[in-house]
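Below are two complexes that have chain A in common, paired first with chain B and then with chain C.
Take a look at the complex of A and B:
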């Protein structure tokens, strides 16, 4: 219990609404197979397009599949794909970033120019190009998005690694005669991972949106696997007769994206007082904006 | 001193690329110093004169542009890779800022244990014993062993840093203002501990400081550095009693006296002017732009080092006169304040 206290203390400083949303998303995503009341893929055309009832809490879609179950399973799909995208992207980014930050010199120049190129092309375009070449599919999508995502984490890791490398405690290790391996794996890598993981939260929302976008376009997750973006596009022809089927996955996606963004922002701005209100966030933003102004005056 | 020096620095130069294109910052210029086993040698000078850079170059944190560093007669510049790391380990560095020289993620025990591992102590029992011994030596209770370094005070952290340096059995310790970041009350404690350890272990020590009183108390010999060069060198007593370079005279005169009666009648100018840029150092003697004794000749050539008495040298044309007391850099300007 004592070990958990610092974690609770830290969580308490985050915006509660976003924390609850993301907590719910992660919990639903993790335990989805056990939570979903019905098989999300079972069709029943007799029940198609029904409203909420005891059997189907949020109604059914045009093929008679239970919307509630599909939403929950979609959370799982989203969580897994976002997790894998960020996992792969972070791994590549942190590795290359720390190598650049450790070596500096021409290695740094070379890797950062690659990152520059990556950052200058919109991530969706890179993903579309990769999917266009390899063909649509779940893992293609994860790979394509990771490929589009790693430059950002590479850039951040490099900055963090450079700042760690210039600290006297690394110099002290050099003086002690520590091998490069010890400095890299024992001190640089753990320090960088800790700092960069924080940024992953801020990125998760954008990644979730990108997954949904690709699936919406039919380039990502393929039917019948439920996914929010794909549920949206499925229900689109029935927008006028049954808008609920479009609104529900849309709302779920919006909540997840805004939740991740707010959480990421609160981590970045470190410690927004709870509970998060619009006024507080506005004050905080104004304060942060004024930092830049002070600098430009000086 | 008939012994061989444990550390010998020969014509060491450290240059950094300047922001001005094609120019270099001459941070350390043709510095030669020697350290004999078991002695404390002071290195004093103004901020920015290159004393820290000299220390950092000796331990290899900065790359020397030319010159040699000999440790026990072994030329370190001829070595590389693991051999260099193993040899250079006998040279240790104590950083000025104890807050950033330890990894916040480590506990005290881990920090010292890591140094022992690096030094090649294999057996965990042996490392455990040494860690206890080292903590005891620097006067820390063994209870701090499991504390994170971030939980400690500045004085405790500096003790841990010293213990970590000692873990690898150094022959030479380079201390870069090891106590100037500490509270005044803690300073004396850490300094005394340091002096006691130095004496007990017989480690040679290059003590970089701008606190002249501290150096006088601790060091047997002193090097005075100005703008990347050694301008005067002598035993503590000689140098403090008969400073023979205008810069040393002014540096010593600018240190405040504790006794207000002496302080009132203290003569001499406080240091005038700014240190010139090491990117474009003055021609000839580097101190001439601020020297009250400077004559035209000073701009022409670097004044050679003059031996004034055994072990006392100063790089000034007038060193002999200054040493005899026939001249001083201080009389020219009486203190105007009442």
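Take a look at the complex of A and C:
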């Protein structure tokens, strides 16, 4: 629970709208199987391409599947895959980052050079290259995206680990004769995980986008499992006659990403000192001016 | 200055070497026997004897280092081997595809620059007022909307509803507009924030105070004092975005039925055509390195502070 305290403290400063969007996304994703009014993969060609009605709140797609249910189940698909991608990526990133931060020296140089290269290549190209070599599939997608994502958390956890290692209590532990294992697992790792978790939530939006993009390209989530990007590409040939089926999944995905991006921005802003407002500037000026006065008095 | 350029060139060469190593390793470590694939491509029954013959022919028995040197020598001369799927030379229409993707990226970079400068200036001119809020909102929307959704919306708006522009094909400037706009949305959104934040920071610097006390107006200060100051920053960010555009091209090119590099790469990934994936990856990585080099040189030209540091 102690680990979560900084997260709660920061939550108060978040924009409400973003929190509501994310809350909705997570709630829908978690309880999707119970919330969806109909089976998302039941086809009924007689009801294909219908508009909104009492039976189908948001209409049906070209195979007569209920769009509303599919959208909800897609939130679940998205949430689960984003969770696994970030889980794997953060495990790799935190492990390598803390090792680099603990060990420093050539290990640090080497790992951070790899991280630099990884960050400079677009994640889509990395993940596509991995999928191209290994072959498509759900777990390949998770692995490919995690490989593209870990440098981010690696860099952050290295920075956090370095700052923790320079704190006096680590030095005190060393003096007390604590083993490297105790320092690493007892102090360095827990501290780093807490800090990196916050950033990971901010990254979830781009991860959701990447999952949807791979599914859109036909290399991520495979049909019949509903996923927003894949629903969109499915409906694309019918854009002219039934644009609703393209717009709805696109809007759902955009809303989720906007929520996470806003959250990420405010996390970044709370970390970076804000530029001085005019009032603050006036106070500072008054302060500086008063120094001059003291000097002249003296 | 020459010292900087030579150092930077050496750095790029090292990166190029590492990129080639990554591309080579990726394909060497791929599962499956390449010789069997090629033997089957040639229409023959893949008998062990024939497979052996093919393996001998393409040099699979040589040590890895020799294979790398051979491969690199061929790649530098523009020969990327044969496609495992079609049996044709990978480099056959690579130039044409590079031209298509180049058109896409160049046009989008120009559009993104124009839009982002306009939005950024709008925000910086009326900070925290309505125009600023609108530009900020547009930036958030542009940065959060998936590119494939932007493309679908563009096609729906301009091709289906208003029937103004063609929704597919690479024939003439009219068919270029929609893909250009689609690719430009994300970088324009990101860059507009760079311009806006950069200008705000520049406007608080002492030299702006000097300009103000000289009696210069806000417009004059923004364009004559703040704009040159954020140019290096902008070029840096633009370089990153141009690099990212290769990824966007992979999504946008199939959407608009463009036969570009991105489309080729995607097809290679779909059919696990290693040679195509390898060739495209090497071109992409080379492109990033070259773009970074150009960015660094451009920053050197536009930032007198860095220029002085190196002369």
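As a convention for this text, the second predicted complex is superposed on the first by the 258 of 298 C-alpha atoms of A that agree within 3 Å, B and C clash if a C-alpha of one lies under 4 Å from a C-alpha of the other, contacts with A are read in each partner's own complex, and residues count from 1 in each chain.
The rule we apply is simple: a contact is a pair of C-beta atoms (placed from the backbone, for glycine too) under 8 Å apart; a residue touches a chain by one contact, two chains touch by 3 or more.
What you see is a predicted model; the values in this text were computed from it and never measured.
Colleague: Sticking to the clash and touch definitions up top, decide whether chain B and chain C on chain A clash or fit.
Modeller: They fit side by side.
Colleague: With both complexes superposed on chain A, which partner does A:168 reach: first (chain B), second (chain C), both or neither?
Modeller: In the superposition, A:168 contacts chain B only.
Colleague: Between chain B and chain C, which one contacts more residues of chain A in the superposed model?
Modeller: It is C that touches the greater number of chain A residues.
Colleague: Report for A:176: first if it touches chain B alone, second if chain C alone, otherwise both or neither.
Modeller: It touches chain B, and chain C stays clear.
Colleague: Pick out the closest CA atoms of chain B and chain C after fitting on chain A and give their distance in Å.
Modeller: Shortest inter-chain C-alpha distance (chain B to chain C): 18 Å.
Colleague: Considering only the contact definition stated at the top, list the common interface residues of chain A for chain B and chain C.
Modeller: none
Colleague: So in the complex, which bits of chain B are touching chain A?
Modeller: On the chain B side, the touching residues are 59-61, 82, 85-86, 88-89, 91-93, 95, 97, 100-103, 105, 114-115, 118-119, 161, 164-165, 168.
Colleague: Per the contact definition, I'd like the list of chain C residues that touch chain A in the complex.
Modeller: Listed in rising order, the residues are 18, 26-27, 29-31, 140-141, 143-149, 152-153, 155-156, 160, 200-201, 204, 243-244, 246-247, 250-251, 254, 265-266, 268-270, 272-274, 277, 281, 284-285, 288, 292.
Colleague: Residue numbers of chain A touching chain C in their complex, please.
Modeller: Residues 117, 120-125, 128-129, 131-136, 205, 209, 212-213, 216-219, 229, 232-233, 236, 239-240, 243, 246-247, 250, 253-254, 257-258, 261-262, 275-276.
Colleague: Quick check on the complex: what are the chain A residues that touch chain B?
Modeller: Where chain A meets chain B, its residues are 167-169, 171-179, 182, 186-187, 190-191.
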